[in-house]
Every structure is written in structure tokens, then in C-alpha cells.
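Two complexes come next, and they have one chain in common, subunit A, joined by subunit B in the first and subunit C in the second.
Presenting the complex of A and B:
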């Protein structure tokens, strides 16, 4: 069973050294490294964000007389006195705003938990107390909560994005009709919230005309530009500091209302203002993974070769801002389908706007595809591992673009070997121990290999030390560590002697920490900087690391500084410029010429109590291949977290919504369940070596969002194997098995 | 939070004497402070009783088969007590399976039995309707709300909130008595009588009156080595019960000589399934007898669409707990 600790994973072929995290000591000793920990000049004031307790309606009156009378209250901002803020675009339109609706934009309430006032006081307690006295009257209307509720409106993606095209690859209908076996099933995935331990906080202060923000962010350059636009100042006059991020998972990429509110209050009061969205407010402040419905028809011939695949998906989104993830084009690239048809829709209601959450498109859509794959394998009487191998492909069947590398079969073999899959009796209910029914299930994991432009400043010193500066982000993934490794390996410097600075918009720009692009993009820019250093030192590009180190020791200047720059193949220089302007440019995955994905395979054992039906996962194994692994230790940690996340996503995580009031009811981490230690047994990770020289400088594929994709399909298949019951509605709670 | 006065009581008598409208006792604070932060409880004065008389109310004492436990004993201490684990495991289990180590280290057993419901509409003051929080305001849960965690036994048309605690099921099963120091002097009540059904007044949860201080729990006959607490929940730890059962058994050969059954996660108050016990007493503990007892225990259940499964789950939990208890030694 589970070990007390995980041994440091060994390096295999095409893997870097398993060095410990750059900030390991700081993290285990509780050092002040997060945005909210940073010192501010002078005594801060504390803000309390008042949020709507209704999901739809308008504010009819605000009476702040009593609230203002609370000693220490300095400022109350509402839609009546917010003044004119700049307008930001949302993602769909090239901006970073989470919603079309600006902060305190008017009396209309569009969703539960919408900020309706900001109270700022000398103490947090006074602000809080004043919030009880602020009388806001509403004219309430009946809201639409989710799928199936009155007032929900459906649109095809093509209606909101003219560039969107559904897939019509050969005749899926005919292919399905001619199949020996078919599956026709609907899968449902729930609302989920990121709930990073570090709350959504913003501290703002002005130094003359310059704004400083301490805000945990997945994109400090983007936030800098957005804040400048909101406050109508020059971007050069905004600085964002976010040295380390205490968990994000996508929730700290968009720009939320709190940034402008804190900046505005700080400006009006002429002192620093600290604003923290409380845990419950976080549920409506910074987005979520939206609930989906996935309807899948899948067929194969008598030998198990896939024929037709028809996948339709519906995502539930906000009335004001139809954010969506899409993603069925990636499902269509996964296996050797003869014919594919996809259609995607959004359904809108009176809800806050969803946002990216770890593998946003992949989690729901690949769950549906992989669950259908398992069901079809059972239908055809073929082992699900074998079934995937039969249908392996070297190209994206839809456009014929070859995979740059694809090691799914190797991963399937590796995980089967580690888990002990062979000898599995395929019949449901065939294994038990005492009162517990046992089942095994498997799935594929995948994630597109994506990248964005990046820069990196590198300073090497005669004394053998170096400094890397890039406004990239460490959201817990180990970005500082691998940046130091990338330079250390190229220049022959001990990574321990390389200082790294990130998470500050004064540094040269780095990409948004999203889409698992950081490692590939940042290390490529660092590699470029190293090449420039080599050039400056007058060495040839094939000089050995010893020669490089010797040349540095013999430098005439005490230090040399270069700026590395990198743009992914196929992207123009304008992409780099866009980043300087705070924009987001990401490429990869399904492309016209090439198909770039990382793959994995997962196997789980579940136990279901025969009588009371609790579902437990005593062991889970995953094998992953993702190009060059910079650091097997930080990679292991990402895979571990991903698998555990996947267990939670299958069995625990779901935000409950009140259908009548369109409000989240379990908006706290006592009742929004994620796995606790006791839920996690044996977790075994196999890193399968893979080399891919086509994708980027170091041949790196992103892994942060790989391991949690597919896991729910493995778990639901294992539950079926244990009990004979197919559950197609996540999370699987015990009542579904009674 | 709203401003309030805080004071530390030195003696039990002093604590009771300082009582009055708006004054509440503070033990470990894990319910009270939580609900103050949520603005659900608004005491004007907190009297901290956690250190009364140098730990005078922090004790675990056996006298033959009788057990007396000080009201200010921490959950952790009682859960870990070696003799209790051996002689009345149900008491220890119910605490072990509750909350988290941090909370168990802070919380006192008197505070534990008085914890409030987790009904989301009770815990969030931005909901206008909640009869328990604002008498007469209606019930958001019954009016189209989320009810998966709500009760199926002991409900009324005014409130269906679940009593969330675990330990209370063990106390009620073992016929515990609550020793109270009130402004009029000491008195005792059966634990089973302390909580009151919601009926038409869900805001009133116990028969305790202003100033009543719980000083101890006593169990006259606590020797139930064959006893356990089974808690069925959505994750393995740190979650409230969907259904739970506190069971204690005495067998004479294959015949049930004595059986005790407390049910949690399914009722509005700590719940003793007396009729189900009676149906088992004097007979064998086989599947059909258990099935019949389960039917009896849940005969009066009222459900919503979302919590209907609790009837089936509650029955299964009870049956499984009794079977597992029967397998214990004793």
C-alpha cells in the first residue's frame, strides 16, 4: 500500500536531473513569498467586497447612512459613485477580462455573487461590520440556473464565433450504420471550482501616478496592461508583483473586478488598500469549470476497428458572456476514425462567467470519448487496452497531419505492466474481497503540446553565478527550478548558483501560465539566451560545457547580460510583440501540418462496498510520455497531483446549485469536496522516455494538465467492472449505485 | 464580525452567574466562531469556559460500568482514551470519525453536541428564507432548494435540516444523561430529551435555557465492548455523514439480549431507533430480522427528490453496522 514518502524519481533517457525545487526551503519553512505577503508602504486600509445575494434583478436603492457611521469606515463605492473606468475586452475578443460587465457597471445584477459595493475602512473588522449595515434593495427576477431550467437558451458555437467550424469528416452517419457494434450514450460533467488555497487577493497602492499591484496572477504582463486600461494610465506606470502563486489552476489568468476596485479605492484614499475575496465569494468571482452534456455515438467493426464517431457537446455559460471551451477537434484526432461529426453548443443562463480550469476542454470531452471507448470495447468483447492499440493512429485522421511523436501504446504497455493488468477477468462483478466489490478500469490521458513566445534576460558572471529574469509564473509547478536547470545544463553552471526572478511585470515578458506552455516556452527563451552568451563569449555553438564554463571564468567583464527571445515555429514576430502588449498567443495541438500531443495511460482499482456503496480508490497507476522531461522530480509531482485531481473529479468534486435561486450552495471547502489524504492509496507513476525534436528547442511537452485528463473514465469503467452499473453522470456519488 | 465583549470565566458558578440575554458560552469555538464569522450567530458577549477551574470539567472517570465525562473534555482526548476504546468503542469511534485532528484538539464534547446544522440556507444570511435562523421567514430548502444532505426523519413542514454531529448518536444509544448547572442550581436531563424536534419552532433546538451550563455527561451502564460507529460519507475522512449508525450489542448465544441503535445523518435531531431495537431484542440477528428492523426504523421517513436515497442508505448503514458489531468480540 501507500508508502510514507515518495522516493526521488530517477532520470531515464532524455530526462534532466531530479533536482529539488528552487524554493523548497522557503515553502517548507513558510517564508513570505506570495503576493499578499509583500510589504506595502504605509498603513493599509482594508476593503470588503459586498456581493449580490440574488442572481438576477436590479438594485433599486442603496442606503449607506448606517454603514458610513461605523468608526473607521473611509470609503464606500457603489455603481452610483464608481465613476468612469476603462473597458476591457474578454478572452473571446483578445482581452483578459473575465466578463463583459465592468466592475460596478450599473444597477443590473447578472449573477449570484456579483460585486455590488466596496467598503474600505481602517480595519478589516470595521469594513466587515459596515457591510452588515449597508442596505441594498433589489427588484428580484426569477433566474435560470442550469441545464433544463426555464429560460435557458441554446446557441451553436458558430452563432457566437463565425470562425468556428464543426467537423464533417466523411459520413459518420453511414459509418455508424454499417458498424458491427455501436454505443450511443450521454455523459454529464458538473460545475467545478478551482479553490486554490491562496485566495483571490489584490493589494493596490499608488506611488505618484504609478500603480503597484500585489496580486496572484498567471499573467503579470497581461494584468499590467489590463490594469492600465482599466485605470486609464500608461502601462509603463503599472507594476504587478506576484513572485509565487499559491495555486491557480486557471483561476488567476483572467482579470476580475477586484483589481480595479482595489486600485480605485487606493487612489481615492491615497493609501494602500488590501482586498481579499473570501472563500465563498471566490466561487462567483473568478470563474469555474462549467457543467457540460456530451452526447457520443461511436462504432467499430467486428475486429474492433473504429468506424464512425459522432460527438455533440453542450456547455453551460453566462448570459452576459458566452465563454466556452470547445475542444471536440482534439477528440477527433485521438484515434483512427473513418468518419467524424461534431457539433458544439453553449446554453446560457444567469450565471457568473466560467473560465479555464486545468485541462478545460479536455476534461469533459475526453472523459466522454474515453468512457465511450471503454463501453464499446466491452460491447465488442475486446480488452480496453487492446482496443486502444487497435485504433492507434500516426496522423490526425481529420486532416492527415502527422503526430510529431505519439507514445500512447508504450504508455499502455508500461502502465499495464506496473499495474498488473494482464489476467483481468473482463466480467463485471468478478472480483471481491470481503464485503467490497473490486473493479479495474483504464483510460488514455492526453494534452496538446502548446507554446507561446517568451523572452528571458540572462546575466552570467565571472564568479560562476548567473541570474535569469523573466516575468513567467510559478503556480506550484517548479518553473523557477527548470529555468535554472535549462541554463545550467547549457552553460555548465550548477543550478544552485543561478538566481531566478519571476512574477514581476518589470521583468522581460514571459507567457501566460496557461495551456501548460510555461516550461516549453520559457526554457526555449532561456536556451536562446544561452546561445547568445556563447556567441558573446566567442565560442562556437558546439563548444562543450567545460569550455563554456572556462570561457565564463576568463571573462574580461565581471558579467555579461543578454536578452533571449523565442517564438514558436510557425508564429511570427508579431506574436512576441503581442506579448509585450499584454496579449495572449498560444499555438500547438492540432495544426495544419503537424499534430502535437503528450499522451499517457492510467489504470485504477476501485472498491465499492456491497451494502452501503461507498466508492474508494486504493490504487491508481499512470504512465506518461511527454518529450524531454526537464526534471523528473517536479514532473512526478505534476503527475501525482493530476492523478489525485482526476480521482476527485470522478468521485468528489461538484459545485451544487440551487435551481430556483441560481446560487452555489456548497461554496466552502468543508462541503466542496476534494480528496483528503485518507482517500488516496497507492499512486504509481511511470515516466516513459520519449524524444521529439520537432516541437521546440528542448523537445519539451507541457505536462501540467496531462494526468488529470481521462482519469474519470478509468474510474467509471472500474466501477462498472466492480458492480455492473454504468454511471455516466459525474461525480459518481454512492446514491447512484444504490 | 460584529463587536462583542469577551470574558474568561474562572468558575462554573461564575460563568452561570454572568449569563444573560445575548451571552453565549465559548468552549473550543469551532462552531461558535465559525458562525460568528458567517454572521449567523451574533452574541453580544462571549463567556469563555474552556479553562474553568483549572480543568475541573475535563475528566473521564469510570466507576464500575458507569462512566462520567467532563463537559470540557476535548474530542481528541476522549477519542484516544484507552479504556473508552476498549470498553465502549462506539464513543471513541464516533469522535475519531468526526471533523479533523485540528478541530478535535480544540473542540469540547459539550460544544460538540450543540453544533448547528450545515444546511446552507441556515449558514448564509443572504438567503431570506430560513425558519431556523429567522423564525417565520420560510424554508429555502423546502422551497426548491438543494436538499441532498437534509433529513428524512423527524422533519416538519417548517424545517428539514439535518443534525450533523456524530458523537450525539453514541450518547443517545448509551442512554447518556446530561448534567447541567443552571442559574437555579444543578439538574439532570436525559440526553435523548435535550434536543427537540423542529416542529413549528425550528429555531429552538434544545430545551436548554439561558445560562444553562453543561458540566458532564454520565452513562450508567457504559460497558459495551461490542459497539461501534459506522459513518457512510462521500469521502473517507473530513466529511459529514450521509448516514451513520451507532450500535451496541449484547448477545446471549445467537439471541439479542440488548441492542442500542442511534442514527445519524438522516434525522433533524440525535436519533434513537427504539422500535427497531425492540423488534430485534430477544431474537436472532439474521438478515430478515435486520431487514424488518430497518423498515421499522425508517417507517416514518419523509423525503425530497434529492434526499430520498437516504432512506435506503440509512437502512443499509444500520444493517451493516449491526452485522459488523455482531462480528466483534464481547
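Presenting the complex of A and C:
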């Protein structure tokens, strides 16, 4: 680590103050702020999910004699006695269910790890022991595990989603044929699992006819409505509490089987029930990033100007529920292409359903595009940084919609300066130190700027304090902190005197914590609430913060309460109603009139041991520009985490699958490799100031999913630069360099 | 081929796990062995044995009747409502359950509660009170050494031990000896900065 490493950077132009996290004290003292830690009325029973031992077939018999004999066992639920639960829709149909198949819906087994029974006992130990003694007989069929396995079926996206249209922008084939240099390569990305350190848990109890759920959630209003539908009660009689989430990365947005199972067990037993999916069960319980194949052809002329771009992608998904990410339209907007063709496919097999995972579409597709950009730059003999600058664009070339702001070139310059890029000898294998071959690589990072509707209740008091209430979510991003900052800055209130409540469906609705929309959406609603306060105080909208603070101190009433609300421009008011109904509405990124993205640039040094082929990353630098930065401290941590996530994505992470049985073989957090502290060396982050007045009230772009995009392309190019070997199959582990 | 590599890699990268397991093995089993072996799983009869234990948790004596199979982590969380110690894997792989047993960092998910009898257990809740934070807790706040915070209690307990063990001599040594605590938000450089700051304050 560099001696001058600064965990908490100072503010620059168009950045808020780097104040400490709202909940910092609670997080360092072990306070009860996570769903599973919240107190419940009375002694809970403990539930254990029994999951299928096969990937395809049907249950022929269940013998629970021995399981029931375990002292303390209170309840065993299977498809034979689950009764009638309500039906949920999946994302594709406007709902939140992770799968089309309901909890314990029948004897059919669709994937490995499917919940097939729930055992509830007085103690955790008894429930676990009984799970070993539940005898389940199966009629097993031969499953399809992944690409290339017998029984895999391919469909074009258009066959699944009639609204999907592949891109046919000019004649990519002709443009490629007339190029001076071309690349034609296939890239492969693996199955990855979110693996937040907090396990997937649900605690359920009933108070009369009212259901209370403690469940870590990225969307408590959505979960409230989904749970109500499942349990066939009024949504007003369901409350979801999830004050803080112990990491999510997309895995706590969908509604899984355990919510209904815990609620059902709690109802039947008349006491609180705690259900935790154990780490291995988490691998089949709440989705994953699906493996992909990306075929890219890319060309440029003799001066390095891009010509044709042909990108086809295949995603592996579930037979029951063909979840997909798509996203090649975003790749097509990135550079000044003359002609673009994209085609997207899903391939289905007998697997659990994937879900969104940190930059779901962007991680695989931008990796492929950026890897191809690096390969083409080398082919054309042009520095990869220069190559990107040559091909910068101010509009989405496909539809001509201008970028609201785009600071990619500034980021490239800033990171090149920080990293010392000019010292790079472009020849592969040209840099070494002892046994270590040294390579430098670079890539672009990007993420669409997206938003959704939000509300925010704001109470300001004559005594100078305030309260913000919105059912938004803090998954580690700093949402409480920046909500207080947004109000504090607008009204002249010390953020430390502002109480913030989130993560409770009893509060006014906030957006799903997905698509990096929270900061932009919530601060816009908070700003609207502040403006309403200003109006109530009888001030003009251009009153200074001092005037606002003085007016509050002189209020005739002890407090004023308003409900702020915000709907992104161009979105109909029905989007707000949809959120009240638990639906998901997101806009941004590639739009008809405007193009909204945050950008970054990353540079990495890789060292490959000449004898052992061990791969190390001694340093990585990233420069990012994302509109108004609410808090440089929390932003820095998000970029830091993103860059390291990117290293893991390039070098460590992959869920292996048994082709014969379609089961994950490394379903634990020691063999599913993620970076540990010793894997990480120098990380340097440059925040490039940027202003964008078009996107939302405060000009905020989401950053939680920015820094991990593109990193694998920088690392694979650095490995090529060190060794001369192109690896196009992630993750790159040393055996691929032998 | 890749599986062989993975296993090898795990051993080299996660040396701390060995320390955790060895720490658990050193704890006295003593008089409890008899009652624990008296149960024995059988296909037909009840297999649950309950025993009385007296534990010293955060300086308080706690007399409990527990399932012999209960881990220290589950007793802390389920019986004593000390939920600061987290369950991230239940297999000694993530470090989120790290507590101090007689001053040594110990994975409470790999330690039977009965083994902890006769020892002094300190959890994150016992490290300090809110008015007087431990230097490591303060350093974590000041260096933003967390995002979601779920691994943080384990990181802090490991960080304190890392210094008292004398394993915080350099950045590289801190990284190595903090590698048994996974952080999925990847606050690692900030955690190293926090340990360094606390080392100065703790005089380590």
C-alpha cells in the first residue's frame, strides 16, 4: 500500500462532506441492527430447510418417522401438507418471485438444492438433526448442467420477450469487411454467487392476523406485498423490518421460498420462527450470476477509428424461469461505432434461477467489449488509452441520443497520471523483476445512471432537529448518511441532529435497492420534502440556508411534517403508485432522448511468476466521474469495494458445477474464492469532479455498480502484457497459464 | 486439475483458519466428556443430551442448560441475545464469529459452548461501552473500515488480537493475519489502515 493511502478523502468540486456513517457506532459495537438480530416476542422456534439431493426428477415418498422422533421437533412441512399458498409473479412479469415454481409446490424437482421440506423444532440443533433423518425417495432423471451438456435448449431473447429487438445499426458485416484491423474472439464468464457475509434469513411471527417479518431485504415494500400475496392477507397487515442489510449485491431483492415457509410455520405453531438458509443452501436459494458466452467481432480503420461491432451473447438460465440480463444495447452506446449488430440468446437447463448480481448485464458484456478493445488496440499498434480516446462519442451512436455528461477521457487522463501509464513498454513480456513478469492493463468502467420514484417524510422541529422516514435500504452504501446530508445541506440543519429511519415497510415507500438507484432517487425525494418545508415556512425558493434555519427556529408550531415525493422525469405518475403497490419501476441509461451513464477508467499492474505462474495484483488504480458525490468517504469505500470485487471477478470467483449431476461442487465460502486481505495491495482511487444538471434533482449518478465493471478486461490485458498469453475464459487462474 | 489448485490455494491463503481450529482444540474438555459421550446417536432413541454449563461471558457469570451440540456462537446468539457475533458460514471459513477466549481469537462457530467452561469469553459487546470505545472500534469508524458492517465485529476482534499477538508489524503482516476474516464489501485497505492506527494507540 502506498504510504499516502487515505481511506477518507477530502471533498473536491461538486462533492459533499466526507462525514462518518450515520450508523458507524452501532456497527463497531455489535448493535442489533440486522434483521436476524432483532428481538421477537417470546422464544422462537428454529426452522431448517431440507433441500433436494437431485437436480431433476420427482419425489416418490417421504418418510418422516425418524425425523419426528427427534425430541423438540414441532412441525414438518412438505408438498403433501403445505396447503394452498398464493402465487407470485417473477420479474419478467412484474413481480418479485425468484422462480415460477412456488414453495413446496409439488413433488417435481427442477434443480439441485430446491427446498423440499421444512423442519421446525425448539432448538436449532434438533431441527438440523431431524433434517438428516427425513427420508426422501426420488425418481431421478438425468439433468442438464450447463453449456454443452445434453438437453440444453437455446432460444433467442425475442422468443422469450416479444418486445426485445436485436440491434441492426447500419451494416456491421460490411463495415467489418472493410476494416484495416479486426478481432474475432469468444469470451467466457463463469457462474458467480453474491455470497454476502450475512446469510439469507427470515424470522416470522403473527400478532393476531398481522404478520411481522424480519428479513434482510433490498425492497421492504415489495416484500411486504409479496408476503401478503403468498399468505393471502391484506398488505396492510404485513410489516417487514430490515433496518440494515449485511451485504446484498442483488441477492436480497427477489422473494425466495423461505419467506412463505417461515410465515406458514409461525402461523401453524403460534410462535416466532427463525429460518436461515445455511451458506451452502444459499448457493441454490437466492440466485447467482449466470455463466455466459460472448462472441465479439470488432474492427477499426488504419487510423484506429472503430468501424463495425458485432456482439452475440448466450446466458445460461433455468428451464422453469428463463431469467436473463441482456444488456448489449449498453455496449453499443459506448463508443463511436459506424455499425452495430447484436444478438442475444438464453440457453436453458435444470438449474436454479439466476438473479441480478452487482452490475448484472455489464460485468460479462463490458468485459467482452473492453477485452476486444484492448486486443484490437494491440492489433492496430495503438496505445489502449489513446485508442479509447480516438473513439470517444458524445452520443449513443445507435439512436443519436446525447450523453447528459460523459467524462471518460478525463478519467483516462486522471488514472494514467496517477498510475504512471506513460512508463509502459507496449511489447508483451518486456517488463520483469526477478522471476516476476510484469504487465499493465487498462479498461473503461461504466454504469447506467438509473432512478426510480421515491417518497420521504420529513419532520423539522423548532429545536433544530429533524426526522427523515423512508423505506429505503442501506446495504452498506451509506443511504442513511446521505439522506441526512441531503436534508441538512438544503435546510441548514446539522446532519448530526437529523434522525433517519429506513428499512421498515411501515415507513413511506422508497425504491428497491437495485440498479444503483437509491442515492439519486432518495435524495431527490428528500430535496422535494425540503422544498415543501420551505414553502410551508413561507420562504421563497431562493432563500439562503441561514434564512431557512432562522425560519425554522422561529416556527409558531413545535414541528412541521411534510411528505416529499419524486418521480424521475419522463416517468408517468403511475410509477409512484406502482411503488406503493410493491412494484419495481426503473428508468435511465439508454433512453430515446438522452443517454445517462457514469464512467471510470482503471489501470492495473499484474505480476505473474515465471516459474509457478502465480498471479498477483500489487496495485490497481481507478478514476471515476459520477456527477454530484454526496459523501466522498462512502463513495471512496464503494469504489474501493468495486475495484476489489473486480479483481475477484477476474482472478478468483467461479462456482464449479458437476456436469453429470448439475450440482455446485464448491458451495462454501472457502472453496468459492473471493479476495482476502492478503490478496489486495495498493488501491488508489481518483474522484474526478463532474456536474450533470439533467439527470435528477441533485445531479447524482449511482456508483455502487460502477468500479467492478471492466476490471477483468484490465487484468486479462495486463496478464497478456506480462506473458504474451491471451486468456478469454474467466477467472484466470494459474493453470490457464501453464 | 483446477480442484487441486483450489485446495492448495485455500491452505496458503487462509492460514488463519488453522490457528482458529488449533485454538479450539486447546480448550479443556475435562469433566464434560463423560456426559457428552453418554448420549450417542441411535436410529431409534432420543439423541439429545442437555448439560448445565457455567460460562464467563464479558465478565459476567452465565449459568445455562444447553444442548451438548450447541456451539459457543449459537449459545451467544440464541440463549444470551449477544448477537454481535455473526454467523456467516458456521464452518470456520469467514471469521464473522470471532471472539476472544482467554485473550486468544477464536472462531465461536467451531467451538462447542461446553468447551468454553472455565475460560473467559469476550465478545464485541464486551470490548467496550459506547461512551468509551476501544481504540480499534474508533479506528474502524475513523477509517471507514466497513460498509455493510456484518463482518465488522469479527474483524475488530481479530484486529485487536492481531496486535496483541505481535502480528501487526507491517502492512503485509497485517494483511496476512487479517486474512481469516472475509469482507465481501472489500474494505480491506481501510481495515489495514484501522489496525495500524489502533496499533499506535494500543502501543503495539
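Just so we're on the same page, the second predicted complex is superposed on the first by the 731 of 738 C-alpha atoms of A that agree within 3 Å, B and C clash if a C-alpha of one lies under 4 Å from a C-alpha of the other, contacts with A are read in each partner's own complex, and residues count from 1 in each chain.
The rule is simple: a contact is a pair of C-beta atoms (placed from the backbone, for glycine too) under 8 Å apart; a residue touches a chain by one contact, two chains touch by 3 or more.
Model, not experiment: these values are computed from the prediction.
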Requested in this report: Quick one: classify A:734 as touching subunit B (first), subunit C (second), both or neither.
Outcome: both
Requested in this report: Compare subunit B and subunit C by how many residues of subunit A each one touches, and report the one with more.
Outcome: C
Report task. Return first, second, both or neither, reflecting whether A:53 touches subunit B, subunit C, both chains, or no partner chain. Result -> first
Query raised in the report: For A:8, is the partner it touches subunit B (first), subunit C (second), both, or none of the two (neither)?
Result: second
Report task. Name the contact category of A:660: first (subunit B only), second (subunit C only), both, or neither. Result -> first
Requested in this report: Kindly classify A:636 by the partners it touches after superposition: subunit B alone (first), subunit C alone (second), both, or neither?
Outcome: second
Report task. Using the superposition on chain A described above, determine whether A:279 touches subunit B (first), subunit C (second), both, or neither. Result -> second
Query raised in the report: Counting only touches as set out at the top, which of subunit B and subunit C does A:199 meet: first, second, both, neither?
Result: second
Query raised in the report: Can A:612 be said to touch subunit B (first), subunit C (second), both, or neither?
Result: first
Query raised in the report: Considering each complex separately, which residues of subunit A are in contact with subunit B in the first and with subunit C in the second?
Result: 125, 129, 656, 665-666, 670-671, 673, 675-679, 733-735
Query raised in the report: Any idea which subunit C residues touch subunit A in the complex?
Result: 1-3, 5-7, 9-10, 13-14, 17, 41, 43-44, 46-48, 67, 69-70, 74, 77-78, 81-91, 93-94, 96, 123-125, 127-128, 130, 133, 137-138, 140-153, 156, 171-172, 174-176, 178-194
Report summary line: Per the touch rule above, subunit B residues touching subunit A in the complex are 1-3, 39, 118, 120-121, 124, 126-127, 140, 143-146, 148, 232-239, 242-243, 309, 312-313, 316-317, 319-320
Requested in this report: Please name which positions on subunit A make contact with subunit C in the complex.
Outcome: 1, 5, 7-8, 20-21, 23-34, 36-37, 39, 46, 66, 69-72, 123-126, 129, 194-199, 244-249, 276, 278-279, 475-478, 633-634, 636-638, 640-641, 644-645, 648, 656, 665-666, 668-671, 673-680, 683, 733-735
Report task. Could you please specify the touching residues of subunit A with respect to subunit B in the complex? Result -> 53, 125, 128-129, 132, 280, 435, 609, 611-614, 616, 651-652, 656-661, 665-666, 670-671, 673, 675-679, 733-735, 738
